[in-house]
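Labels A, B, C and D are assigned to the chains in the order they are written; within every chain, residues are numbered from 1.
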Amino acid sequence: MSSVFGKNLIVTIFGQSHSKAIGVCLDNLPAGFEIDMEDLSDFMKRRSSINKPYSTKRKEKDQVEFLSGLVGNTTCGAPLCAIIYNNDIKPQDYESIKNILRPSHADYTAQMKYKGYQDPTGGGHFSGRMTAPLCIAGAICLQILKSEGIKIHAHIKKIYDVEDISFNPIGNNEDNIKKLMENDFPVIDINKGILMQEQIHKASQNLDSLGGIIECAVYGLPAGIGDPMFDGIENNISKAIFAIPAVKGIEFGNGFSCADLKGSENNDAFYVENNKVLTKTNNHGGILGGISSGMPLIFKVALKATPSIGIEQDSVNLSQMKNEKLRINGRHDPCIVPRAVPCVEAAAAIALLDMFMSFRIWR
Amino acid sequence: MSSVFGKNLIVTIFGQSHSKAIGVCLDNLPAGFEIDMEDLSDFMKRRSSINKPYSTKRKEKDQVEFLSGLVGNTTCGAPLCAIIYNNDIKPQDYESIKNILRPSHADYTAQMKYKGYQDPTGGGHFSGRMTAPLCIAGAICLQILKSEGIKIHAHIKKIYDVEDISFNPIGNNEDNIKKLMENDFPVIDINKGILMQEQIHKASQNLDSLGGIIECAVYGLPAGIGDPMFDGIENNISKAIFAIPAVKGIEFGNGFSCADLKGSENNDAFYVENNKVLTKTNNHGGILGGISSGMPLIFKVALKATPSIGIEQDSVNLSQMKNEKLRINGRHDPCIVPRAVPCVEAAAAIALLDMFMSFRIWR
Amino acid sequence: MSSVFGKNLIVTIFGQSHSKAIGVCLDNLPAGFEIDMEDLSDFMKRRSSINKPYSTKRKEKDQVEFLSGLVGNTTCGAPLCAIIYNNDIKPQDYESIKNILRPSHADYTAQMKYKGYQDPTGGGHFSGRMTAPLCIAGAICLQILKSEGIKIHAHIKKIYDVEDISFNPIGNNEDNIKKLMENDFPVIDINKGILMQEQIHKASQNLDSLGGIIECAVYGLPAGIGDPMFDGIENNISKAIFAIPAVKGIEFGNGFSCADLKGSENNDAFYVENNKVLTKTNNHGGILGGISSGMPLIFKVALKATPSIGIEQDSVNLSQMKNEKLRINGRHDPCIVPRAVPCVEAAAAIALLDMFMSFRIWR
Amino acid sequence: MSSVFGKNLIVTIFGQSHSKAIGVCLDNLPAGFEIDMEDLSDFMKRRSSINKPYSTKRKEKDQVEFLSGLVGNTTCGAPLCAIIYNNDIKPQDYESIKNILRPSHADYTAQMKYKGYQDPTGGGHFSGRMTAPLCIAGAICLQILKSEGIKIHAHIKKIYDVEDISFNPIGNNEDNIKKLMENDFPVIDINKGILMQEQIHKASQNLDSLGGIIECAVYGLPAGIGDPMFDGIENNISKAIFAIPAVKGIEFGNGFSCADLKGSENNDAFYVENNKVLTKTNNHGGILGGISSGMPLIFKVALKATPSIGIEQDSVNLSQMKNEKLRINGRHDPCIVPRAVPCVEAAAAIALLDMFMSFRIWR
């Protein structure tokens, strides 16, 4: 079930970096939902490398074509399939290094799993390119969630040593979100965004790469979504988020820092306001017992630096089973974090819409 | 699917803190595996509150009874069901506070989900007590994995401000594991364990509680287990681990600290030794592209401080929808982290055995 | 996933014929449903061998014990587990024939699958006894469906050469159902029931056994339940019904006889009555394109004669791999069909409640 | 999960009769399997309407295009997606009858499920055209199964009043299969095939249609595949087979006729030959307890007559909610049975490969 996700909403992602096309199927979308194609296109542009000086030289237009599931732009209840043709392909970039394992890439593990039959060009199915169909699915889920009053926003919390301000965990974030949506670079504080881009540029010039942290917030989620134990919000969002290559950690609410706090400091006191139950703090990140509390759902995701770097690295020639130096010349992002921001929103939206569907059953 | 996990191995957990019994079903275990009942019993004791001065006064013997799935002590291929009767029950502890939400517990979210029909006593199905059947399942999975050469060990990495030493990420941990297994308190460095227990004792005396971090390592995992995208090792271990109440974050390899490193620092160089491919460092934590690399699989889990504290807290009386003070007098652990250590091993074992079964299909 | 069924409602059945207990877990039942324990008990009696002259001499009281999932008699949202202890066990009946394959039983296939580790006593997990937990689950599902206006009734359509009258496929069956519920023997026409019992008695005296056909009808199912292709009503009811040992065929509506009709004869003409769309005939059995049409859902199930017979049979001694005669002396039903009637209702109810839950998502 | 099937092998079908394309994803195919494209093309031709005088005038070339999952013609472990563009589309055929329900079609049930948003042209996702991607998936599964020594063959058992001879249930069918594969019309006895085509032609001239019965046999299946209860071979093949529109019944082995036999007649005696356990008869159709016995797996499928007929029918105008006559002029098959033969093989192959994968886990 490598590339299939969900229980009521089933998302299937297919494609390789250099296959004819990449795409996604969504089974069990509600019939009668009109997809806002301009909004979808805008969402795809946030992930696209085009017009992003800090990103790969591979420039794909990522034109989404719908093969099924729509009448006009409206879902008809049948499984929706949308694809993107791969156009800007340079398999020759990978010819010279085919047998030399790229450190921190999946070359070696793919070899061990698929016994040499994997598609090596551009990382095959392991490529970050697979996040394009993830974003198609996510964009549609985001639109449906939005129509239910649920909004998801992510921004770069940190690149290398530069940190953006955080979302206000308990309250109104309208100003922050407004700023975030106005910025081409997905940060709240535009000045921090400029510093981040400088760091990326510097790393790029040094043939090196950077990682970072993305913060994501969900507003408008009604209390009561999710299940205890294996099917909680944390479980399912994690399962979806780790589909994004480079993610190495996830934390909800105050996350790892909860370990530094006493119960009296970490507990979020309840109070009543306008006949609604709220918490004074939001260390729990909107989830208690796997179930949404009605407070903003907040989580953070750690992404490692792009494994592809131009600096010479120690590696192994697999066909000869001997040590060998490697220098990677393919096209790649010196820092994937900015383009991963919509991917985090997309993965969260897929997981949340699936859980929202379960939530509706007995309402 | 709240309490059901897995694809080939299906684990179903049932029970409430004060129900007649709690238990677990395992469907699709291999036939012919002889369960080591003493080993199972020892594993259950690691989670038990008995003989642990730092844990709850609720003392359950956690005697495991097998209802089905065995002939003698050997699996027969039929679904295995094992239960534990709840004996030491004091529902009256919960009577007085039934309508007053306990901060950071699932009282409120359960109310919103189950509309008042949830079992409130002892936290119902949200209770940490549900980790007992998780440990039954985990103990069996651990035994099966061990028979395949795969071992899982977890220890307390941190409680409050005291840190244990870490597992050696790339190499031999025999000494560390030996020490860990000799200690009643699950740390490698026994002196740090003493300091941790002092911190717990101090918190307990202050009617407060503590959280912490658990580190888990898996040795002997062959390269090639797991899948890209949604069905990787990170995805599935996360999905399982968040079943443990109080977990708020998970990170693999160097985790969140990967965000501070450049690609040239974070990448794990490959090398050949004895015709085997290894990495010089293990920032990737044994997983690349969702698939095991053959290096030790290492992850860390953050647990929040026990929500139940004796200190007076601000809260809400839900039946009257007004603010009200709350003081919790039930039995509870001032720090759940030590008893959560086997639970982390158990959750990881369930996820890994399920993935190991998928791995075997085309071998 | 041998003994796990369902997507939103997950039913897990465990136990062997002679294990300590048999039972079932139901995950994702709605919270707040009060189980009518008397109705449950009555339903279990319909499957029980007690007070049934035509059934096995193994007499189990089938007392249902709830381990979890309830507060009082009301579901609390947590997974429900109910068990029945096996009391009337005579494993010695199976000692003498352990190595000699019983024709048309699963002895040989179990041996090939479980490599000799299967539980042979009483058929182990293959025993018809497993339909007791199926009936617990089914009885609860039937009660929930009934609270939604959906009723399921099955009767014996045929045993050997005696046929009961059929349900009226298009219209009011109140009289038929009233008669059916008044009869201890599950037929509409009591005289045919007497003849059937005579046939069973005769077969029994000849140390032989009989099979038959069960017809099941579902009333009150709203139009729109089910999905096209793999998740239609036919697909899911079939998947559930074949869980009943001895079932060898299933047909919906006019079933196999549709092959004898021209389109002009088989098509069910639509008409409007009281602003409701109905069909003049019901060859489609209430299902078109996998989805309920609002007409009665009707299907028939073929059950083979009980494999256990006292007559000497040709068989194989597996440990010696040589031909050997076999005479079965264990306790068994000369005809399983009467006791399978509630099992058919139960299996249908499980499948339909699961589909009904999916149906509710976007309502 | 309407159009998703399988546990280890996940098959997702998408498309509508008149959507841009139809297609299928297969997740978890083994890496390194070279697809025989000519064989695939030949298989698709068996389902195609081209060169079949008895079939619809809609002539689609059904050219299969692979978007992903292959390197050359060899599977690479990534999800495989294959599509067929719809070319020969005449939506105007459906304009005039849009609101008038076609008897025995899914027009009404789709309306009730999708609330008017379904794609009505050509039956949308309910169209028999969806069996083209089913056949792509099936053809690939058949090739993989064949490489494991497992072969699946189906033929028309009956159309209206003409019956083909049956497969020999216990023995060598090489002659029958040879004849079957030589005939363009999928029968063993070519003379019966001529009579069947005459019946179809006659029905067609009368603006009427016919149904029939297909028999399918699987050879070379090792004993031990499948599970008891919900995951048996009967359960899973049924779930897959009912995905074929028009199927109304399925029976395994002697099926419904088992109800006419006493146990002493129906039981299949075991015997040993060449150190192999066989049965003298095969009423069980190769399945005991849900698990393959090693004898030929045999089942039959009933298909109703094509609902689309040129004869005037009584129906309902849904927008006006009044009775109205209907005459269907679209293109359609007067008898779908011949083209459904490869679909039955395909559906069986998908279910069996998925179960075969489970079977391999502990081998």
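Here is the rule we go by: a residue touches a chain if its C-beta (ideal position, glycine included) is under 8 Å from a C-beta of that chain, and two chains touch if they have at least 3 such contacts.
For clarity, every value in this text was computed on a predicted model and none was experimentally measured.
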Matching A-D in over half of the residue-numbered contact pairs, the equivalent interface among A-B, B-C or A-C is B-C
Farthest CA centroid from subunit D: chain B
Distance between the CA centroids of subunit C and subunit D (whole Å) is 26
Between subunit B and subunit D, the Cα-mean centres are separated in Å by 46
Taking each chain's centre as the mean of its CA atoms, subunit B sits from subunit C at a distance in Å of 39
Contacts with two or more other chains occur in subunit A at residues 1-4, 7-8, 13, 31, 78, 110, 113, 125, 227-228
Contact graph of the chains (line, ring, star, complete, other): complete
Contacts from subunit D onto subunit A in the complex sit at residues 1-4, 8, 10, 12-16, 19-23, 25, 27-28, 31-32, 65-71, 74-81, 83, 110, 113-119, 124-125
As the complex stands, subunit B meets subunit D at residues 7-8, 30-31, 78, 227-228, 357-358, 360-362
Listed in rising order, the residues of subunit C that touch subunit D in the complex are 1-5, 7, 13, 101, 103-106, 108-110, 112-113, 125-126, 130, 158-161, 203, 208-213, 222-232, 234-236, 238-240, 242-243, 245, 247-256, 258-272, 275, 277, 279-280, 283-285, 287-294, 302-309, 311, 313-316, 318, 321-323
